[in-house]
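Encoded as structure tokens, the structure appears first; notes follow it.
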Amino acid sequence: ADLLTSPILSWAPSTVLALQCLLSGSWRSDTGCRMVVSVLSKDGRFSGSYLPGPAAGNSEILTSPLEGSQQDARLVPHPTFSFIVHWQLRDSDTTRTTAFLGQCYTGTNGEETLHALWLLREAADSPAEDWKATRVGTSIFTRIK
Amino acid sequence: ADLLTSPILSWAPSTVLALQCLLSGSWRSDTGCRMVVSVLSKDGRFSGSYLPGPAAGNSEILTSPLEGSQQDARLVPHPTFSFIVHWQLRDSDTTRTTAFLGQCYTGTNGEETLHALWLLREAADSPAEDWKATRVGTSIFTRIK
Amino acid sequence: ADLLTSPILSWAPSTVLALQCLLSGSWRSDTGCRMVVSVLSKDGRFSGSYLPGPAAGNSEILTSPLEGSQQDARLVPHPTFSFIVHWQLRDSDTTRTTAFLGQCYTGTNGEETLHALWLLREAADSPAEDWKATRVGTSIFTRIK
Amino acid sequence: ADLLTSPILSWAPSTVLALQCLLSGSWRSDTGCRMVVSVLSKDGRFSGSYLPGPAAGNSEILTSPLEGSQQDARLVPHPTFSFIVHWQLRDSDTTRTTAFLGQCYTGTNGEETLHALWLLREAADSPAEDWKATRVGTSIFTRIK
């Protein structure tokens, strides 16, 4: 909020674009999950929650905490970001962690899109099981208005 | 140090194993880089540095900061961990970030090994370049005595 | 062939669905490239070409050969497939190869979609460069009518 | 065999190096599996088998067919290769396919090593399950004498 009322920024029309692609807010993934990201700290860090969406139909996942950081959106048009989700699972002691690594793009209509690749590790019971511990995929997030 | 002198732990021989696989300390990767990890906070967070090693011969990379967390090493034999490195590059404004996701294993000789997969993103200039922004690989770290 | 002439199947309109998700034909990727796949052999093998599309604007890539195979589309609703593209590049001797691994899905409207993850290797000059040789990503293909 | 007895090659000591890194033969992976690769065809194609090794202790996997190709080992010192394994599993109808993409390196002692990244897809039952279908990892193979 104080960003928007800052005297410097209110004088600079060119910063309107730069104020986009801040990860703060609510996002929906292409698999129907929701993500809520806190206000960013001065150095770009954030925390938040990853929630199963209505479309997911997967009640196994509970609301799970995430932490990450993003590159300064006032300095670059397509800031990169990274965050880690520690999954909270119903009826399971298995440790699952996902590392997301991505970049925010703004379309010609001003719509922000997060493009991310992720690695998901399910804790292996032994070194001999390590080879199959990691999945890979992509996620695309759009802002929930 | 206070862990080792704690009265509870000094009474419990079975915790000797559990005290391994704390990421704090110095590690060498299979590509000859070094990593120094801080003492872990109570909730498992750490910071540190990633350094090009003598074997790397790659002066492009400067000492780069890392941040991450690990699962409680006193509760599980092979704790998982994740950390993010924001690369500092000589003569380059390119933003490069690596997300490591892995697990610590202890050999029969007590030697700790970190097995990790990583994603490395080099910031894309535009959405059309996004498809080729991400590399993938594995790293194995052993503790530097 | 005997499937198609089987009395049971010839009476069953529901097998029309099963005949979908044969990879033969022309496809467009979400990055604007085109792919042309030959008629499949009896054991599911195919060859074809990968072409830069009009949307790609990347004249570096020339029409490149591909080879692969798919699981029997008449036996499963979402057959898996794999194929390899050996890239032909203008003004470059670099060897680049992509391995695609995916699955075909049919929407409620009958539209076929190919979901694939890929690894792209650019030949490393030496073992010391091997760690950065491989990129990862996803592609989605839809059939060109 | 006729390569080795070819008059041209027997006159040219410099080609001794070039004859290495042909994938034909038997290999052991760092996870204890064995791989047997056929003589390469003139255009670099090969077939073969992937076998669970004695160290694997995983009787779930049966000997599984593989097919692939490699870059001409007589033209480049570190030829790239790719191959696909269609897994044969005991007591399972699940379709699993792995795409390997890698490069062969020759050490100073003449020992050949294959460095590969792979994607392993387990067929998803529906598009909603597709996001978690793919695992990623690395394999290192050394030749069995």
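Just so it is clear, A, B, C and D label the chains in written order, and each chain counts residues from 1 on its own.
Keep this in mind: a contact is a pair of C-beta atoms (placed from the backbone, for glycine too) under 8 Å apart; a residue touches a chain by one contact, two chains touch by 3 or more.
Each chain and its UniProt protein: A, B, C, D = Avidin.
In this text, all values refer to a predicted model and were calculated from it rather than measured experimentally.
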| item | value |
| --- | --- |
| Centroid-based (C-alpha) most distant chain relative to chain D | A |
| Whole-Å gap separating chain A and chain B, where each centre is the average of the chain's CA atoms | 22 |
| Cα-centroid distance, chain A relative to chain D, in whole angstrom | 37 |
| Whole-Å gap between the CA centroids of chain B and chain D | 30 |
| Whole-Å gap between the CA centroids of chain A and chain C | 30 |
| Multi-chain contact sites of chain D, meaning residues that touch two or more partners | 117, 119, 134, 136-137 |
| Overall pattern in which the protein chains touch one another (line/ring/star/complete/other) | complete |
| Of all residues in chain C, those that touch chain A in their complex | 117, 136-138 |
| Residue numbers on chain A that touch chain D, as the complex places them | 31, 57, 119-120, 128, 131-132, 134-137, 139 |
| Footprint of chain B on chain A - complex, ascending | 67-69, 71, 76, 78, 80, 82, 84, 95, 97-103, 105, 113, 115, 117-119, 121, 123-127, 130, 133-134, 136 |
